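Here come two complexes built around chain A, the first alongside chain B, the second alongside chain C.
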Partner chain A sequence: MILQINDHQDALVATIQVKEANLTVSEKFKAELFTQIDGGSKYIVVNFEEVTYVDSSFLGALVSALKHAITNKAEIVVAGLNKDILGLFRLIRLDKAFKIFDTTEGALADKAK
Partner chain B sequence: MAAGVPKQLIFGHTAEELYPLVVEGVEFLQRESDTDDDTLTKVKLVLMELLTNALKHSGGGQTEVWLHVDQSDIIIKKNDTGNPLVIYCGGIKHEWPLPGNHQAGRIICAYSGNGSNLNAAVKNNCLVQFLVEETGPEETDLLRLPEHFGLMIIARACSSFAYEFNIDTCTNTFTAVIPLKGQHG
Partner chain C sequence: MPVSKKILLVDDNTLVLEMMGRALGKEGFECMKAASAGQAMELLKEERPDIILSDYHMPEVNGFEFRQNLIGTDFKDIPFMFLTSEVDRDVMLEGINLEAVDYILKDTPVQVIVSKIDNFLTTVREQHERTLKELSKAAMALNLHSVPQKLPVIGGFEIDFWHKPFQNYPGGDFIDFITVDERHTFIVLGDVMGKKWGAWYFSFGFLSYIRAAVRICISEGNFSTKNILQKINSVVYHDPVVNDVLSSLSLVLIDAKESTIKYSGAGDLPLFYYNSKDDATKEVRSSGMLLGLMPDGDFDEIEIKLSAGDQIFILTDGIIDADTDTGKKTDYNSFIAAVTPFLGKPFADFKAGDFLKWKAKEHIDDCSLIYLKRTTS
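Let's turn to the complex of A and B:
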């Protein structure tokens, strides 16, 4: 499993359990996120705390999951990005497509508002 | 800084090698220059995407990456003999070398969406320069977001990014130029 899933009332935290989030794991990551969306999760926090780096394939999988979430009236937000990953999101403007939180707690608090 | 000896990285196309090679390249630059953190972050992104591209598209053999620092720039070159560049634009497949001798000046869109295009400006039938064109605000319809970011990441991290196919040796060369601190907007 790429994702460790933790339920929090009406939200779900999906923690990426690999340091190197690259094309070798991107399809599996996408499939696991799709499974959570298809299972009815409406607010998914993708937690990057354990990730050292992300490549374009993994970001493509994340965007694909975002589109699947939107189609299913669900929301995906991201948390725990290190400086390099946050810089990458900004570089290709994905910071405008995803809500970004410093921590999963912040993401869950935002949902509870 | 003064121009130093180039650093060669050899990539055998396994995922396990990828990140250690990126780190090796970054550590070389830290030793050889006073490159700032923001520039090193760009170097990391470029190396990662060039090697990922090699992992996806190289048919065999090995990929060579050269890192070189001159007075004002970090120059990263990737050479391999894998599959040549292919761009799909408007439903048309463009494969290098482009046919014919009258390609100069043509623009082929390699990526479009989220308020920008990545254009391949054709210099001749073997050489293109990638250029980012800002076309407007970010995408508001998230269902239209692109899902392929590799070339765009490199182009945005660099001041210059080009691809050349050598017909004689069937070698692909990507050249990325990243300005040293204070050399670029």
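Let's turn to the complex of A and C:
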């Protein structure tokens, strides 16, 4: 499993359990996230806390999941991005597609609002 | 390429598992150990070995049943060997019929087992390399290229590019130059998200798609890069065949007569612009999102007037990935730092420099860099 899933009220935190989020794990990551969306989760916080590097195939998988979520009227937000990854998200305008939070707690609090 | 030697050992006898693991470990194998077929299935979900070596006699699920369970899953293609004390010919035959590659008796000396596995893995690797070579040859023969074979000639401009696919597999980056007439030339740089063959097939298909879309827009007299991206985005977003493929795109129109460029981007990296007269640099950021991500990609169009000596660099993310002491990282500034000493100098110098040499060596991702210079005003 790439994702460690923690259920919260009305929300789900999916923590990526690899340091290097790259091609070797991207398909699995996508499949696991799709499973959660298909399972009816409506608010998923993808937690990047343990990740130090993402490549474009992994971002592609994340974005595919976002499209799948939108079709299913669900929301994916991201949290715990390190400085480099946050920079990359902004550089390629992924910050327009995803709400970005410093921490999963912040993301959950925003949902509770 | 060294032979990868990750092996999954399955045996309910923990003593055999330990001894075998130790013996194979000494021979350079990385061993994953499972005491049952169920445990093996769990391990397989985590990590894919190069080969599976399984006992036959196991309680609950025996070796044959385990093999049977694998057929029909993604793990079917992992070479499978039985290691057992079973000597009954019929049983052995049944094992071979289950597409197991070999059947080894447990009293076979470890050295012999190791060479059997070694020989087998070497054969697999050689076969893989042969297949790749054939595929590359076929691709070349069909003249399927993700990058142009020659540079366009544009009056008053110099254009060049540097491209390195990931580990020399054709990659997810694609480059195209479209010369409309003496005055107008389009530069297309895209990065299909993914790597290796999968991405390459996509990127080639996608490139044809984009090329066609850009050319149709142009043939309709549309010279607005923003407008073209909007149209392509809308088509990609609504087309069920490609709407799962995500790609960044930088689209630049060179107007040789006006000495300007118009630029629109979709989830791409900023262009790097060097103003020769002021000896100043600027990151030119577009606003668009990745192609096909949202119905409205929020594109903009930026026009830059170029004077003699001005330079523009257009790049994909492979260029800004680096392997550092603390692991891999993505850093746009690393590119700026590397290119700055070469600003105002010939592109050939930068191409021959250490930075791109390192990029070629590191092989983290597909790398593409397009260079444009205004030579005369």
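By our rule, the second predicted complex is superposed on the first by the 113 of 113 C-alpha atoms of A that agree within 3 Å, B and C clash if a C-alpha of one lies under 4 Å from a C-alpha of the other, contacts with A are read in each partner's own complex, and residues count from 1 in each chain.
In this text, a contact is a pair of C-beta atoms (placed from the backbone, for glycine too) under 8 Å apart; a residue touches a chain by one contact, two chains touch by 3 or more.
Owing to the predicted nature of the structure, the values given are computational and were not obtained by experimental measurement.
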item	value
First, second, both or neither for A:I85, with chain B first and chain C second	second
Which superposed partner A:M1 touches (first chain B, second chain C, both, neither)	second
Which of chain B and chain C A:A31 touches, first, second, both or neither	neither
Which of chain B and chain C A:A109 touches, first, second, both or neither	neither
First (chain B), second (chain C), both or neither touched by A:T71	first
Doubly contacted chain A residues - partners chain C and chain B	20, 23, 52-53, 55-57, 59-61, 63-64, 66-67, 84, 87-88, 91-94, 96-97
Chain C residues touching chain A - in the complex, by the definition given at the top	45-46, 172, 191, 193-196, 199, 243-244, 246, 248, 267-270, 287-290, 293-294, 298, 317, 321, 326-332, 364-365
Touching residues on chain B, where the partner in the complex is chain A	15, 18-19, 22, 41, 44-45, 48-49, 52, 55-56, 114-116, 138-139, 142-143, 145-150, 152-153, 156-157
In the complex with chain B, residue positions of chain A that touch it	20, 22-24, 52-53, 55-57, 59-61, 63-64, 66-67, 70-71, 83-84, 87-88, 91-94, 96-97
Residues of chain A touching chain C in the complex	1, 19-20, 23, 26, 52-57, 59-61, 63-64, 66-67, 84-85, 87-88, 91-94, 96-97
